[in-house]
Structure formats: C-alpha cells, structure tokens
Amino acid sequence: MESLSESTVNALALLFSGNAELWEIIGISFRVSFIAITVAVPPALMTAFALTYLHFPGRRLLISINSTLLSVPAVVVGLTLYILLSRQGPLGEWKLLFTQTAMVLGQIALSFPILAAMGHAALQGVDRRAWETARTLGAGPLRAFSTVIREARFGLMAALLAAFGRIIAEVGASMMLGGNILHYTRNIPTAIALETSKGEFSQGIALGIVLLVLAFTLNALLQNFQGRGHPVS
Amino acid sequence: MKDDILLTVRSVKKRFGRREVLREIELDLKSGHCLQLGGPNGAGKTTLLRILSGLERPDQGLIDCGDGRIAWKRIRRRLLEQTLYLHQQPYMFDGTVRYNLAYALPNRLSANEREERIKQAMDWAGLEPIRNTSAKELSGGERQRVSLARAWLRQPRMLMLDEPTANLDRESRRRTLNLLTSLKETGMSLVLASHDPLHLSTLIDRCLLLHEGRLVETEPFKIMPLSPSHLPSPMRFTA
Amino acid sequence: AEEYPKNIIRLATTTSTDNSGLLAALLPKFTEASGYEVHVIAVGTGKALRMGRDGDVDVVLVHARATEDKFVAEGYGEKRYGVMYNDFIIVGPKDDPAGIRSAKAVTQALDLIAQTQSLFVSRGDDSGTHKKEQYLWNKSETRPSKTWYREAGQGMGKVLQIAAELDAYTLTDRGTWLAYHNKSPLEIRFESDPLLYNPYGIIAVNPVRHPDTNHDGAMALIKWFISPDGQTMIGEFRIGKDQLFTPSADAGEFAAFSKAY
Amino acid sequence: MESLSESTVNALALLFSGNAELWEIIGISFRVSFIAITVAVPPALMTAFALTYLHFPGRRLLISINSTLLSVPAVVVGLTLYILLSRQGPLGEWKLLFTQTAMVLGQIALSFPILAAMGHAALQGVDRRAWETARTLGAGPLRAFSTVIREARFGLMAALLAAFGRIIAEVGASMMLGGNILHYTRNIPTAIALETSKGEFSQGIALGIVLLVLAFTLNALLQNFQGRGHPVS
Amino acid sequence: MKDDILLTVRSVKKRFGRREVLREIELDLKSGHCLQLGGPNGAGKTTLLRILSGLERPDQGLIDCGDGRIAWKRIRRRLLEQTLYLHQQPYMFDGTVRYNLAYALPNRLSANEREERIKQAMDWAGLEPIRNTSAKELSGGERQRVSLARAWLRQPRMLMLDEPTANLDRESRRRTLNLLTSLKETGMSLVLASHDPLHLSTLIDRCLLLHEGRLVETEPFKIMPLSPSHLPSPMRFTA
C-alpha cells in the first residue's frame, strides 16, 4: 500500500503541475458549492432573523422543524429532488437531472437548514440593545439588520463555514443528482467515492487532501475578514 | 417654536406578565422643555422612555407625535425617527470609538462635514485619545460619554435620557449639563430619568414622579420621597 | 479488542449478487445447514478484491475473471472456484436510434453507437462490468469520445437510472437488469454474443498470508456454493419468472474439494 | 412509481406495527450516534472553551484547522479510519473494522469539528462577565465552566443538534467502516443508500421519513430542556 | 482583628496596548477599613479593582494577601477566594432572581439555612416581589440590588465595589449604606470606586485618587478636582 505521506506528495504534485482533469473536478466542486451557498445565504439569514426578532405563531414549531431538517440525510434530500426532477416527476420538463444545476439545488437544500439554525443561534447571542441602538441612532431597518449581522459575524462566519464544509464535502446528493459524470458533474467528493469504491484508497486520500488544502486556504482568507478572533477573557 | 407640543401621550398602559408597570400614563411634551422623570427602582421609568422612543410597544393607549391617530407601526416609525433613546447601560458596537460615533451621523453629510462633526464630538467628550480603542473595552464613564456624543451627532427632536450622568466624573457631568442646555435651546425636548438629577437641576423645567404606574407632579429636589403615601392623586401634565 | 466470533464469515461481494436478492435467498439456508452466519459486504469488484488482499474479509465472490486470476496468482487468494454465470446485455431507448438491434456481434453494436454518436453511459468505476465494457471497446473498431460517451462512476443500478434519464445505451449484467427492468423505460437492444459471457467466481483469502481470517468458514461457504444443493438453489432463484444465474460449478472440482475438506 | 404519500403511510405503518428489522436498523442508528456524540461532546466542549478563554500560541491556527476539518468529506474520514483499522493498518490488531465500534469512531471524528467550531462560536457569544461573576461569587473553575455553558446553552444546543444531525444522517463513513451488514452495522442512512441503489425509491423515502419523525421527536424533547427559545426583541 | 493587613500591593503596573493605565500602584488594605478610590473616567479604577479581585492579571508588581511572594496563579486563586468584585455593570445569570441569589451561597449550607439566608437577602434588597422574574429583564436599579444582595450572601473578606450606588434610588442607597456599614463592622475591608461617594461618606476611612497611574492621598469630598495639577507627589498609603 502506498504510504499516506507519499500519496499526499503525489496529490500536491498533481495539483501544482496543473493536471487538467483534477482541476476540472476541483472547478466543478467549488463552482457548484459557491453558487449554492450564495443562493442559500440571503433567505437563510432572513429566516434566522425572523426567528430571532419576530413573534409569530408557529415560531417554536418552525425552529423545531428547521433543526429537524439538519438530520435529513443527504441521500433523502437527493432522492426527493431526484423524484421531482426525473422524467416521470413534476419538474421532469426542465431536464435538470444529472446537470450541475441539479447539484446546486441539492446543495441549497442541504445548506439552508444549517445556515438558518446556526444563524439563529448566532443572532440570538447578540444583545438586543444592538438592534435598538442602531434604530434609535437613526438607522433604518435594513441598516440595523446589517449592524446586527456585523455584531454576530463571528457566529455567522462559523455558520457559513459549517454549511460550506457540509456541501463541498457532501457526496450523497451530488452523486444522486449529478450522477458523477466525468467532465460534467464529477466533483471532488464523488470522485473520492469513486476512487475508494475501486479500492484506490490512496487516490481517494489524495483528493481528500486537495480538498483540505483548498478549504484551509479559503478559511484562512475568510478569517482575515472576520476580525474578532481574539479570546474573550 | 417653543410651546409646540411634540408628543401627546394618553392612558398608556404596559404590563410584564402579571405586573402592571404602567397603568395610566398621561403626558404632553413641549418643544424645548426638559422633563425629569422620578420614581424608585422598578417604577417603570426605563419602560416609559423606551415606549416614547418607539422601542417598546405599549399594551394600550394613545401616542401622538403630530400625525394624529395612526397605527402603532407608523407611530413607531415616527418615534424612531424623531427621538433618541440613551440606554441606561449604553451599547457599544463592535468597532473603534470612531466607528461608534460615525454610526450616528446622518447619511446625507459630505465626507468633510462628517470628519468635522466627529472631531467636534470627540473634543467635546474628551474621546480623542481613545478614538481608535475598541469601544467594547471602554470604561463605564467612557461608554456613557460615547453614548452622549452619539446623541449630539444624531441631533433628534426629542432626547430620552436614561441615567445619563451615572458613571460620569465631575468634569463630564459639567460638560453634559452644558451640552444638554445648548441642545434644549435649539428646541430639542428632553426627558430625563435619573436618581441624581442634582447635577442637571438647572436644566429641568418640571418634575414628574412615577407612582403606581401613574405620573404625579412633584417639586424639584423632592422627587424621591421615602414614603410616597402623601402624594396628590394622579392628574394630567403639560411639561 | 473485540474478537470477531468464529461462527461468522465475512463475504465481500459485488453489488449484483446482493442487490438481486440472490444472497438473501441462499444464505439463510447455508446458515441453517452449517451454523455459520455470513456478513455480506456488498461493494464493487475492485474493492472486494482489495478487502480480500488486506485480509479484512474471509472470502470474496466476484465477476472479473482476469483480475480474479491475478488475485490468486499473486497469492492473495487460495484458489478460484467457478460458481455460476449469467451474461451481459446492451440496453437502450425503445426507438433504438443507433439501430443495434440488428447488429450481428456486440462489437458491431458498439461501432453503430459510436458512428451515430448516440449517448452511451459507462460504469466508469473499474467494476467487473466496466472492465468487460472496456474489453469490448478494445475489440471494436471505434473509440469512445467525450461528446457522446458519459462515464458515470457509479453502480449498475444508478447507471441504469442515468441511462434511462438521458435516453442512452449502456452495458449491464442481466441479473441487475432483471431486477430493474420493470421500473425502466429502456429495453434490451442487444444480447447473446459469446463475448458477453459473465462468470462468477468465489475465492477464499489465503490463510498463509492472513492467518486470522476465518478460513474454515470460508471453505465451508465455498463448499456449499459449489455443492449440488447450492447449485440447485442458484438455478432455482427467480425474479418473477426469469432465472438470473446459471449454476456452473465443476462437479470434478466439488469432488476434489470434498475430499480435501 | 409508488406515490410519496403512499410510501409515507406505509413507512409509518411499518414503524408502528413494530416491524422487527426496521426497529433493529433504527436501534443501531441511534445507538451508534448516541455513543459517538456522548464521547465527542466533552473533549469538544473543552476545546471550544480553550479556544474561547485561553491565550496560547497557535490558537488562531487551531481555529482555522478546526474549521477546515468541517470540510473533510465523510468518505475521507471513513477512508482514513479504514486504512488505520484494516488488518494491514497500524490498528489492525484491534479487529474493529466492520463493527459498530468502527462506526462510532467514524462518527466521533465527524462530529468533533462541528461541536468544537459551533461550541466555540456559542461560548464566544457569552459575556465575559458571566465567567467573572461566577468566579468572584465563589464558584470554582468547574462550576464557573458549567455556568458559562448554561449561559451559552442555546448556541450549544444548536451545535449538538447540528452534530447529531450530521452523524445520524451520514452515510459515507458508516458504509465504509461498518460495511452495511444486516443485523450488525446497517443503520438508517446506509439502508437508505442500499434501497435507492436498488431503485427502491419509496423504501428509501420511507426510511428517510422514519428518520425525520424520530429526529423531530428528539428535537422537540430537547427544546423543552432548552428554555430560552423566546425571541430577543 | 482590626489593623490586620489583608492585602499589600507593591508597584503594580498594567497597560492596555500602548496606554499605561496603572504605572506604580502601592497600597495596603487593613481589615475593617473602607477605602474610597477616586479619579476621572478612564483613570483605571475598574482595572485596579479587577486586579485586586484576581480577575485581571497585572503586568508586573507584587500582590500579597498573606502568603508572601507566590506565583500569580496562586495569588489569583487566593484573591478569588477572599474578595468579591461588584461589577460596574452587574451581570445577571440567565434565570430567576432567586437563582441569581442562590448562586452566591456557599455550598456547605443546609437547605434550611439556604432558604433562610435567601429570604433575608431578598427582604433586605426588596426583591421579594420579583423573586421569580427573569433576572435578565430587571431594571438597572434592581440589577444593582441583586448584585449587592449576592455580595451579602457570599460575605467575602474583602469587597471591591465598582459604582455600587449608581442606578439606585434614595431608599436603596440608604439601605446600601447600612449594609456596608454592618459588613465593615464584621471586619470586612471595602474598596469603593464611585463618582458619588456622598451617599456613603460616613463609611469612608480614607480617600485615594488615581492620578496618572499612581495613587495619591486626598481629602474626602475633594476627590475629583477639575485640574489635578496641584496634587502632591505619589506616596505610599495605609488605608
């Protein structure tokens, strides 16, 4: 068995030598997940905000439902969308199955509950005087909203990273909705699943490491924007 | 401009759970007047100020700030536009002192004007040496000063001050008095809840005492009798 | 550490034997007869052999003749025993855009697909089926091209679903197809060519290399599979009225086996 | 294709008729995930606490690494453990592969980064005066610690739910480490994956619904303990 | 018991970033004494009290509370054991008022004793009517009172009070004076940072002024000169 360190080196060499197929797979992974998270964030933030600041009937139920959605297996999300998008399904006309768009839809569905639940927890942690001070200092609802988000940015960033981590690494729904078709819908996690299903473990690990390196770079970049990383005490 | 009534409050009620904090609040607030709100701890001063600033919703009653009878949602928006509430324990946004001051500036100003006004506010509040300190780390008095400086920058029509001089040193209290006096002269109305109104006594036009959820008139400097049993029955005031 | 109990046999096998329901039908009988319980780990052929190589399972049941022989030759497995066979078929859209129904040989069918640039979905996962497909493309005169050839990298069932959605052709083993054909709009477009023969073999992991595998259990299972009883049951296994597998164990092998164990 | 509502009804009927096989699968799912989360929570909480309250060199790096771990695909976690636990691997002696213990290990590895990252965000949201007030009122470090946790319980509960949701629904690592062996290591997600790979969508959906119903019940129970679910403003 | 020195502080320094808040703090705190700490906003009063309570780590210097020269970690533990710091803005735990009071009780008490003492504390602070209110919702003065009641329940050897009478009404201030006086008579030492020491003037034994990071002695009621240029040079005090 090729050793772990060896395959790491090989993977990084591949990465930096500009192996086209590898970069294509990476490109598909990030493209799909970026689009998904970009689409999911605004409504998830709105939901989190509504759960935090609005009294409305069914609020608690909604919170429960949302946390429950966290436990929906990716395969079930994938399956449900699959049934909707398949030829026999109600949205079969759109012919979206086995396209990147279908993967984006799956990843939106997967990231939304994480973003909403963790966003809710983060906003709940912000002192209500933040909102009040903003409003009383003349900020309109929109500006006050963005101020509260700024105050909660540490927790919201954690939410973003968790959600992004979940979907960039998620294999069940992507496999089902994208089909893992080379050059079209094969992304890093489905490629890893394929390699390991072939028994090519070191290839799988290598791809995993590629994902890690890229995720780490991204994290480091984001943390620079984040600011308040210092300890509380 | 003086003697305009900015705010009319009629039979406003507010309860928390089973405790009726405000039972029947009647109040008229005139332009350029300063009203002192007394009452023991838990009497409802903060609650009333928050209602008048649009931050808390009354259970019942009428508030009119010049638009007649309108829905609470619209009253709330009007109150938020016209008043500024100075929290009893001010909240500092995560950022420098300068960021906190700039927050209160109206949008329409030019960059130069903004700089100018922030500088004035810092000078007034003695915040220049700590302009780049994180506001979350400030001392109690420094927070209070940032809070007052923000009020000055915002310049609302009505200013609701909740214990503005608590935590302030003697010099800052003097400056606060000067500030509030000059703001009042521009026609701004002030409502002041304070257990230490002595420092601001020259400012106060009328003293009201929150007693069992109602406002009763009282004499300045007698605002906190130990046993309020001899008080007159509640009536309506024009401040 | 918890010791894996000696009455348990770990069998790594391809998804086709497990998903078709064959093992679920057979193994309880074996357990009844022998007292051994079988833990089935259903994965691709490549991974199943890999598990055998690493000694993580006791016995493997797969269908990739060349790889199996290599596995034995390299000393990972003891000896390959033939168990049964079925065959591969090419399924495709009802209207058969490539017109392969009339093809004389499987290679010709593939050439027609390539010439008409009809969509073809490949397993692309190094499975036994995928290896067979690559072998067939090599025999044919044309080569796959990205424009109409889609490598899915998934199991047979998934590939059948993808082909159905895309109106594409694909190569499948008959067992999986029989399990699926009710749910699929595709139809058999080409079958019956000697090149499409698909034999299954069973191999015990080499006890010299991995002394702590359950070798006795593995041998008992092999014996049962190639015994007349086991063979009859394989032959009698049906989905609906279709027979999935044809028993093919060598009677001579069984005799020799019975003598040895 | 069987309709969605039909299969839901069938699934619930199965569930309440006490179908032994189904309940066994459910039992394995919950047993494994409960053990995993129980083992993962204490060290994750400690880590979150250290990241929040202690200054030490490499703190920021650790935060970055932890968030990066969020993006490790479950298959990679599974694969790495697989290689470690396989007979050839360094821990092959333990003979853990294809046992529930291996699944537990995989799920611990998956839940730890979520718990630590979200726990960190939750604790960071607690006013530092909470810790100080506890200490100055005579609480020892342990009691002060539990007080801070109590103050952060809303966010911590979100972390717990997210982590539990992730592992109860996770298929990649369980499949690889447990082997999806009926009666031993087949849990709900691997059963779903199996059913859908056989094209038995309605079976898959049915199992998904079972998971949802159970997760929802669990959530509702937890929320009762949680208390502060009311809106901030 | 009196005249025991509970706490010795020598050349303690503390800086935040580039600002030297405490430069050279020298202090001896005697049992049963009350020391008033003056100084303008941002002088470092809160910082000093927090250091003396073991909540903040000084950059340098010696603090001895009866164990001689020991490592900061151990000093810190001793300080946390012996002193109680009353936050300038008290923190309420998420829970009822009763929960917040019970928190401060020593563990060793029996259930009956606990009930008894909580009841006494509530009576003293007038918290009985709101015993089951969520403490996070309390008014400013009510929080301050809960905070003082917690101090009474804990009964430390030294009490560091940061603006204890801010936000309190007149009656509560009177009661606070009584409380602190009786605590002092039991030998407890008090350090008091306040801009309003008038209410507690009978309590104070000595006044110190934080001036440019040093403690200088000053006369009671002159603790906040507007221009501190005429102050004597720094020296050592025994309070």
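A, B, C, D and E label the chains in the order they appear, each numbered from 1.
By definition in this document, contacts are C-beta pairs under 8 Å (C-beta built on N, C-alpha and C of every residue); 3 or more make two chains touch, one makes a residue touch a chain.
Model, not experiment: these values are computed from the prediction.
Participant: In the chain contact graph, what is the shortest path length, in steps, from subunit B to subunit C?
Facilitator: 2
Participant: Which chains, if any, touch subunit A and subunit E both?
Facilitator: Common neighbours, subunit A/subunit E: B, D.
Participant: Which pairing of chains accounts for the highest number of C-beta contacts?
Facilitator: After tallying contacts for each pair, the winner is A-D.
Participant: What chain lies farthest away from subunit A once each centre is taken as the mean of the Cα atoms?
Facilitator: Computed centres place E farthest from subunit A.
Participant: If you average the CA atoms of subunit C and of subunit D, how far apart do the two points sit, in angstrom?
Facilitator: 36
Participant: Could you give the separation in Å between the centres of subunit A and subunit D, each centre being the mean of its C-alpha atoms?
Facilitator: 17
Participant: Suppose each chain is reduced to the average of its Cα coordinates; what separation in Å results between subunit C and subunit E?
Facilitator: Distance between chain centres, rounded to whole Å: 80 Å.
Participant: Using mean C-alpha positions as chain centres, tell me how far subunit A is from subunit B in Å, no decimals.
Facilitator: Centre separation, subunit A to subunit B: 45 Å.
Participant: Two or more other chains in contact with one residue: find those residues in subunit A.
Facilitator: In subunit A, residues 1, 132, 176, 196, 201, 228 touch at least two other chains, as defined above.
Participant: For subunit B, give me the residues that contact two or more of the other chains.
Facilitator: 89
Participant: Quick check: what residues of subunit C touch more than one other chain, meaning two or more?
Facilitator: In subunit C, residues 54, 158 touch at least two other chains, as defined above.
Participant: Can you work out from the touch definition every pair of chains that touches here?
Facilitator: By the stated definition, chains touch in these pairs: A-B, A-C, A-D, B-E, C-D, D-E.
Participant: Given the complex with subunit C, which residues does subunit D contribute to the contact?
Facilitator: Where subunit D meets subunit C, its residues are 1, 86-88, 93-99, 101, 179-182, 184, 194, 197-199.
Participant: How about subunit D: which of its residues touch subunit A in the complex?
Facilitator: For this pair, the touching residues of subunit D are 1, 4, 51-55, 59-60, 63-65, 67-76, 79-80, 82-83, 88, 114, 117-118, 120-126, 128, 131-132, 152, 154-155, 157-159, 161-162, 164-166, 168-172, 176, 188-189, 192-193, 196, 201, 204-205, 208, 211-212, 215-216, 219-220, 223, 228-229, 231-233.
Participant: In the complex of these two chains, what residues of subunit E are touching subunit B?
Facilitator: 16-17, 19, 39-42, 45-46, 88-89, 130, 133, 137-142, 144-145, 162-163, 166-172, 174, 195-196, 224, 226
Participant: Can you list the subunit A residues touching subunit B in their complex?
Facilitator: Checking each residue of subunit A against subunit B gives 127, 129-130, 132-139, 147, 150-151, 227-228.
Participant: Report the residues of subunit B in contact with subunit A in the complex, numbered from low to high.
Facilitator: 53-55, 80-81, 83-85, 87, 89-91, 93-94, 103-104, 106, 150, 154, 156
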